[in-house]
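Two complexes follow with chain A in common, the first pairing it with chain B and the second with chain C.
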Partner chain A sequence: MNGVATTGMASGGSWLSRKGNLQALGVFLFVVAGSLWALAQDSRFVYMLVYVWFGLAYGMLLQYGRFCMASAVRDLFAVKVPRMAVGMMIAVALYAVVAAIVTLSGFSTFHPNALGWHIVVGAAIFGFGIVFTGGCASGSLYKAVEGNMNSMLVVLAISFSQAIVVSASGWWDALVPQSWVDAAAAQDMPAELSVTKGWFDIFTAGYIWGLKGTTTAEIFGMAESAAGIVWLNTFLTAILPVAVILVALYAFYYRKAYLRRSGKVAPTLRDEFAGIWAMCTASKNTALAGIGLGILAGLHMYVTGALREHYGIFNFGELLVAMGYTNGLSIQDTVFDPGYWYITTQEAQWGGWIMQKLGIDSMDSIFFGLDNGLPNPLLNAPGFMSIGIILGASVMALSRREFKWKAPTWETAFFAIVGGTLMGIGARLAMGCNIGAFFATVTNGDPSGWIFLFGMTLGAFVGVKVFTWWMDWSAARKGGECDL
Partner chain B sequence: MVRTGSWFDLFQERPVAAGNWMFRTVDVPGLGNAVVVRSVDCLGAMCPRPQLLTLKVLGEVDPGEVVEIVLDNPTAVEGFPALAETLGCAHLATVRDFGCWRIYLRKGS
Partner chain C sequence: MAMTFNKTAEHEWELNVCGYTCPHPQMYTKKALQKIGSGDMLTLIFDNPSSGESIQAMCEAEGSDLVDRQEGSGSFVWKIRKA
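Coming up: the complex of A and B.
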């Protein structure tokens, strides 16, 4: 009985006679008009519009499937429900298959993440945070568009906490090991970056740069061969772990209830497969969103890769320079431009850009000054993907009449800000969030993403314990007031 | 229970609390009349609070009794059929109302 009945709602009439649909159409036409305007300014803005339109599609699918990657790990411990974990695995499998095709065609934009302990630590902090914010970085974006002010606070907290973490310098600089400082000083870096000042700079130059990021095919020296890409990167690094995780989710979270419901006392192997299939299709919206997100995330790399080839560039910064926009570029004339779905870094740039306008300059940091730049948000390509997600989710939320202002209480606002700050810190330590450091990595043959998932799961486990304790404690404190 | 509220109401602090005992007969679509013994008010709540409150309330009612959960968080609504399966409850219906959803679960034996 999964259908949703409607009571007391206006029905009938043409599709356009409904206010929500009209508003959704308005948002969509706004994106079309904005895109045409940008192209009229300079046809090379098509590079940025690719991010916008893929973002729009991601936003629509995220809202359609109520795709919440935070609940993928959280719900396993909080309520023992595997629904979203399954949805996420479906998306990983599809993305991996499309990514293999993109890599084989030579248009992959993927860069592996550095492999080290920082991933577990950062991911655990991130995973702890998401339990309190009620959504990951992408999830908070689409939930904010549903009118959830807690999620808006989360987005703000993620943006500013990251911008501060990557650029602030103070007594905490002394917390790094001397070997990192020495290693950072030994790097041949321009003095204006002051790489031995600022915790995150020392961490990056003294620790991260000493690590190696690689794909499984590269480890076996088969990065250039089709067999390496298909078997080692796609099958061994993505499909096989997904299959193992799906079987484990079925065995631990779904099997008992499924067999009881279907009245199977002595299940055959066929029954078990039917059970796994039932688990994967239990929530059709989520499964469909997983399939769509997986395929689009792969295609996104292809389109950006093809455009880079077309313009003969490696980074959007080169195109910005050619178009005459030189403000906010890094000292290498680059900007953040992953070429695939990414969330946290562009939010850090938003925070950093606003701080810069307020007089706090952070261009002496490696993160902004050397790598990602601090472009005007109107010229921030991945930033426009986030805006695309916001607009896409609003199209969907408006047409489904799911927009409603939801005000925070003091408690939820506190959780949103503290949780969002922890997510920001965790994402920077781990060099990405559940999208950039997990979803985009394991699907492209970089096993470091599984370490991120492990750390995030660990953090979510502790987060659920603390959250449950807090709920019990606050209920007991209020006594009979809420009868719990 | 239907919130028609003004803008001002939206910004008022409104603690989320699990409902008191009640015995209300509701017409559950596709099922007919059912007696709801507890209503869990999760308006404005972020996950995982609605799920955890539901878990607690279900722990306090008897098998066969019906519990109502009032939600305005679409993501949480999506997850309730799966939650009901895990808990061995029957998910009777999800009803769309003004500004919220009402989910009816019957506790299993």
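Coming up: the complex of A and C.
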């Protein structure tokens, strides 16, 4: 590709003379003022502010790097572009290295996911959905503040579909086998949770609780040793698969065009390495965002772990009780508090909380009633991370003059709602999305994340086929000389 | 707003995908580039920032030249000469 002439449509002037920059500064100062106000109420809100500020940084980097994990699998099949898959692998490698340091320092907050078929099934549904929504759960958040109303619909669909899925009963209960009902009944659970009613409760108590989540180091009995953490969790579970995937991406999606462009007819091994490097740095924004997100995601875990140590708690719910906030806690006095980057569960809580305010109570479910609670969104720590992502992305979008209201059409609104609903269902079945069930797992030595990525890739592959068929069908229907 | 794809002059085309989010813009661009002839110019108008990165990478892989790009107020106007 030759040199590109790039022209800004707006006039020059000092940084602050631009309206977008002023608005971005306003958003940033709003976060600063809000943080100071919260600390003035109670200094222990610093625990929640850690989520806010890491969210802010995630949002800025996501928007800066056009970083969306949906694109990582979708664009490979749709337009044969490995850009985002490469960015995702860079982030995984960096997160894994920082996570190893955090684990060795004793501040890791990570818990492995239960390993089972539900991951493949849920991830495939999730992967199918993301093709139609135009973004993953985090991607939809940052695209929403670029003014994209489709992405706002996606966030709503993800939130409410999850809240409905985890609390629905009646005919839904026919979806699960009797053996799970029996297994759930055998659990010694409080009657108020009614674990044999509600298909997701039965799925959780009758199936998920029978599974084991583990790390590679734990499998080999080396979970407590530095060698196990570094070599088995970090190198074998994260770095080696990342290297293999990068080589595969290069071989299948980049090598041919790279060698043509660089005029190499008989490439040496050195040329091939130069090609892999060129692929990794082809989109500097994405690569830099990958590096930043990887490092920050690990640091986030460290800071939360250190704060838990400082306050002598295992869960933010304990701090809320100590501060006098007891509404919306689970029966164990806990709330959702992963201690690291997570997206879908807090969105489920938003949906569940609104439904509760509308008179649909779901606190008798395991998901809300036993584990995550339904706190007021103003006291939802991971929820504030999502709000931080929104604010961070808006800072970046405004300063780059990329905000523009984009109204949905009937077609895109339908895709957003159906795709978002599938993402919500898939995320709950797989016990997380591409962040919680993939990004946070493989980087902490839990191999279940690679199963999630496999399922998500499979779903995206089918999704792209269906999406392409839809585009061809609608173009043929419209007809005309300039149809596509 | 619906996608439009028009021939504006001999060997010149315009694709407008404003209002569409991923993956529409990059997939429509791919289809448009497949449809036009080698050396033809495609003016691409879009307003989904994320699609730009993928479209740029796609042009690079296929050897098409991104000869001009104007950006601002959330909209992008790119000129692509097909290889």
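Keep this in mind: the second predicted complex is superposed on the first by the 473 of 484 C-alpha atoms of A that agree within 3 Å, B and C clash if a C-alpha of one lies under 4 Å from a C-alpha of the other, contacts with A are read in each partner's own complex, and residues count from 1 in each chain.
Here, a contact is a pair of C-beta atoms (placed from the backbone, for glycine too) under 8 Å apart; a residue touches a chain by one contact, two chains touch by 3 or more.
It should be emphasised that the depicted structure is a prediction, and the values quoted were computed from it without experimental measurement.
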item	value
Room on chain A for both chain B and chain C (clash or fit)	clash
Touched partner set for A:330, first chain B, second chain C, both or neither	neither
Which superposed partner A:471 touches (first chain B, second chain C, both, neither)	both
Which superposed partner A:410 touches (first chain B, second chain C, both, neither)	first
Partner chain in contact with A:80 - chain B first, chain C second, else both or neither	both
Partner chain(s) touched by A:161 [first = chain B, second = chain C, both, neither]	neither
First (chain B), second (chain C), both or neither touched by A:234	neither
Chain B and chain C contact sites that coincide on chain A, given as residue numbers	1-2, 4-9, 63, 66, 68, 70-71, 74-75, 78-84, 131, 134-135, 139, 143, 146, 148, 150, 253, 257, 260-261, 282-283, 285-286, 397, 402, 404, 406-409, 412, 464, 467-468, 471, 481-484
List of chain A residues in touch with chain B within their complex	1-9, 63, 65-66, 68, 70-71, 74-75, 78-84, 131, 133-135, 139, 143, 146, 148, 150, 253, 257, 260-261, 282-283, 285-286, 397, 402, 404-410, 412, 415-416, 464, 467-468, 471, 478, 481-484
Partner chain A, residues of chain C touching it in the complex	1-3, 5-7, 13, 18-24, 26-28, 30-32, 35, 47-50, 52-54, 56-75
Residues of chain A that touch chain C when the two form their complex	1-2, 4-10, 63, 66, 68, 70-71, 74-75, 78-84, 131, 134-135, 139, 143, 146-148, 150-151, 253-254, 257, 260-261, 282-283, 285-286, 397, 400-404, 406-409, 412, 464, 467-468, 471, 481-484
Sites on chain B touched by chain A in the complex	2, 7, 10-21, 29-30, 43-49, 51-53, 55-56, 72-75, 77-79, 81-83, 85-88, 90-99, 101
